[in-house]
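As structure tokens, here come the structures.
What follows is a pair of complexes built around chain A, which joins chain B in one and chain C in the other.
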Partner chain A sequence: MLRFFNFRVILDYMPLYMKCLWATIWLSGVSILGALIVGTIACAMRLSRSRSLTGIAGCYIESIRSTPLLAQIYFLYFGLPSLGIRISEEVTGVIALTLNSGAYMAEIIRAGILSIPQGQTEAAIATGLSYPMRMRYIVLPQAIGATIPPLLGQAIVLVKDSALLSLISIAELTRAGQIMISERFMPAEAFLTTAVLYLLIYYVLKWLSERWQQSLIFRERR
Partner chain B sequence: MVRTVFKGLVAAVLALALASVGYAGTLDEIAQRGELRIACQTQGPPFSFVDKAGQRTGSSIELCKMMAEEMGVKVVFLDYDWDGLIPALLAKKADVLAADMTPTLKRAMKVAFSNPFMYTGSVVFMKNDSPLKTLEDCKKPGLNVAVLLGSTGETDAKNAFPKANLKSYKGGGPMLIDAVLKGHADFGVNDGSAVTGQLANFPPNSVKILPGMLTKSPLAFAVRYDSMDLLEWINLFFLHASLDGRMEKNLNYWVNTLDWKKDH
Partner chain C sequence: MWGIYLQGLLESIPFFLKGLWMTVAVSGLSLVVGTIIGFILGIIRVSRIRFLPTIVGAWVDVIRGTPFLVQIFIVFFILPELGIHLEAFPAAVIALTNLAACFICEIVAGGILAVPRGQKEAATASGLSSFHQMTQVILPQAMRIILPPLVGQYVLLIKDSSVVSAIGVTDVTRAGWLTVQRIPEGLMVFGLVGILYFVICYPLIRVSNTLERRMTVAATRL
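After this line comes the complex of A and B, so read on.
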């Protein structure tokens, strides 16, 4: 099988792949951070006692989760200019990925918080802790540990979803493969290289999240 | 576990080896199968597209229908994205690649091209109210140019506008026109006949095409290099169709004018 595989061409295209890998990494990195922030805010709004805040957050989460990411990207890129708002490709990409993943992360964080037994909150109230203190010392430390694996899952989904940004002319990892195919017509080599690089990102993310989880456990023991 | 995986691999390799046992020839295979399989573009008017009535049609499509009729077989059209065309042909999903493809030397490293059935060229287009009026205006540094990834237009734009910033899109020519109209690019470069054909779907007079072409390039069908019999046949078909006027009629209706707009 290997003789059908042209490693020399892959090597030729490595500089392009590296440039595009970097684009995928920074676009996804910024979006993951953004999504965590947006997700936390949306989750806090959803859990708040104010009707209107809950309503707004619910609306955002539902509408994002019920529409395909591709439609959201196309809306931001081709739809918004009709309303007089034109944003660059990279910003469009980061906004789309952030808003999309933020909705899912909000639900993950909410599930984590709700998984903490009600009894603990009651006990905290009985001890006289205020709401922010309850959250800071009782609920969140436990909830974060439980949400790391699903959050990692969502971060990986985001990295893979960033492939869609190639459709609005952003040169990221999938586009590198497409460029190689359109110039050399080697789909096997091109997409395998792309896939291996995505795998690499996955392992780095996994390692980071394990480190994070470890440090949380360590801190709890201390 | 490891053994099961290994067994599976052996089975897969054997299956591949069996599948690649040779045929007499592609023409024989088509005749036996009773269908001619064509890889074509989903949206590439006026060469291949789905018309208002939901029918697949276009210049290349009609040529392929004629070919199948001459062969006495049914014709089957397989829709692909531009980038999927050559891989589909190489993966033997289709016998012929029928699109408005330029037979570049690079592409010909992978697929065998027929004689050209017509000549076309890349044109420059922009918003009607754009400050860019001539080719010289377009050569200013820092302008954004919309092109299709892997197209001849992309190469032509690189050569003609070395100081421009190229934005390559995927998903067909209409997306380029959209990108230009929405202001994501200052101008676009794409095949002339494709732009003319696609403009019909946009508001009239929203886009202007600069007169003159950047390059002149042939358009041809393609087959795999193991189907040279089929290639000979296609070349002969093009010759016959040119001699009896069917080719001219086809191109005049679909490509050189917008006559087809009335019916499709």
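After this line comes the complex of A and C, so read on.
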């Protein structure tokens, strides 16, 4: 294979790859932000005392977690037009990724909040803090540190999952490989380049996550 | 119109069940083989053999850092260039097995490292061979930590198996994709796909949650 490995062709296609790398980054970036918002809301609903809110959030989280992302993407991609909603592929993709990751992030945030000892909440109630104040000043500041690494882990998963968007013909990193194959039929060059670019994003995010964990340990020691 | 579509969908249920069987076959085969390889890799990962742990670690990182879709394209399109011609089904099983092995390797390695060092020292002091140390002393205790995330990982892998539809394996997702070309009711078709996945995955998620609760209780009792 290496005999035929043609770096010049890869260089020719670099502009396309860079454009698609950028597409992957902004699609994932928007979806991560969206998922954080959706996840926080879903988590708040799940932890609330209202039965119906807990039920709705539980249904959402469980149904997302027990079906594959690809089926969800197709569900929106083929399903929304039959409801009369016509939106671009990019928007469909971002919505699918947001809803998917939102469910996982809700679970991560919930685990973080539940890991705070009950005594903290009880002490806050005893001091007369209201629920929002308890959350704002007592629970969340303690919960956030430990939830950042798993949230970054979920962000890594989301970036990888965004590869599936190529199947509904969004021009992102994997699609760049497919385009290169259809034009030149050089699968090795096409997909290995794609893989290397994904690895690049992965290592940056992993590095961030590890650095954060180290600073956490450091802070706890102090 | 809905009536006609619904009837068409009901008529294609045998087709979906065939797809479900394919999903079960691909993921079942990959999970069994992947678990075995994953345990071996995990034990190597924490061993002191020269170079091997580093190589396994690097490989696991590469697999965890790239999207499964890209991996499956690499297996399906690049191996033929090396003279290995594969049908879609074996290519899918190979890619998914590799993915399963890498994720399970990390879980197993984490579980083994969580067993207190004293256990190994005591086993060495009692004159057990390193094979017996692993199988009689370390692994049984590590299983407590390994089992809940392992079942959770199975759910993720079964869901990832939907991606093999991209290379033309007729699993549930592809059955849905093919049906939606005839019956343009995306919500209904992929709703059915979602239900079929839900039927497999949801019980497993519950098992994982139950295991987690039981194992923690058992661990605190120790």
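Observations on the structure shown:
Just so it is clear, the second predicted complex is superposed on the first by the 198 of 222 C-alpha atoms of A that agree within 3 Å, B and C clash if a C-alpha of one lies under 4 Å from a C-alpha of the other, contacts with A are read in each partner's own complex, and residues count from 1 in each chain.
Everything below uses one rule, namely that a residue touches a chain if its C-beta (ideal position, glycine included) is under 8 Å from a C-beta of that chain, and two chains touch if they have at least 3 such contacts.
Owing to the predicted nature of the structure, the values given are computational and were not obtained by experimental measurement.
Contacts of A:Tyr77 after superposition: both chain B and chain C are touched.
In the superposition on chain A, contact is made by A:Arg86 with chain B only, not with chain C. Within the superposed three-chain model, A:Leu114 lies out of touch with both chain B and chain C [touch as defined at top]. Set against each other, chain B and chain C differ in how many residues of chain A they touch, and the higher count belongs to C. Judged by the touch definition given at the top, the superposed model places A:Ile179 against chain B, while chain C stays out of reach. In the superposed model, A:Cys59 makes contact with neither chain B nor chain C. By the document's definition of touching, of the two partners only chain C reaches A:Tyr203; chain B does not.
Residue contacts after overlaying the shared chain place A:Ser169 against chain B, while chain C stays out of touching range.
Residues 1, 77-78, 81-82, 166-167, 181, 187 of chain A touch chain B in one complex and chain C in the other.
By the touch criterion given at the top, residues 61-62, 64-71, 73-74, 77-78, 81-82, 155, 159-163, 165-166, 172-173, 176-177, 180, 184-187, 189-191, 193-194, 197-198, 201-202, 205 of chain C touch chain A in their complex. If you check the complex, the residues on chain A that touch chain B are 1, 77-78, 81-82, 86, 89, 166-169, 175, 178-179, 181-185, 187. Within the complex, the chain A residues that touch chain C are 1, 4, 62-63, 65-72, 74-83, 156, 160-164, 166-167, 174, 177, 181, 187-188, 191-192, 194-195, 198-199, 202-203, 206. Residues 13, 83, 86-87, 90, 106-107, 109-111, 146, 149-150, 167-171, 178-179, 182-184 of chain B touch chain A in their complex.
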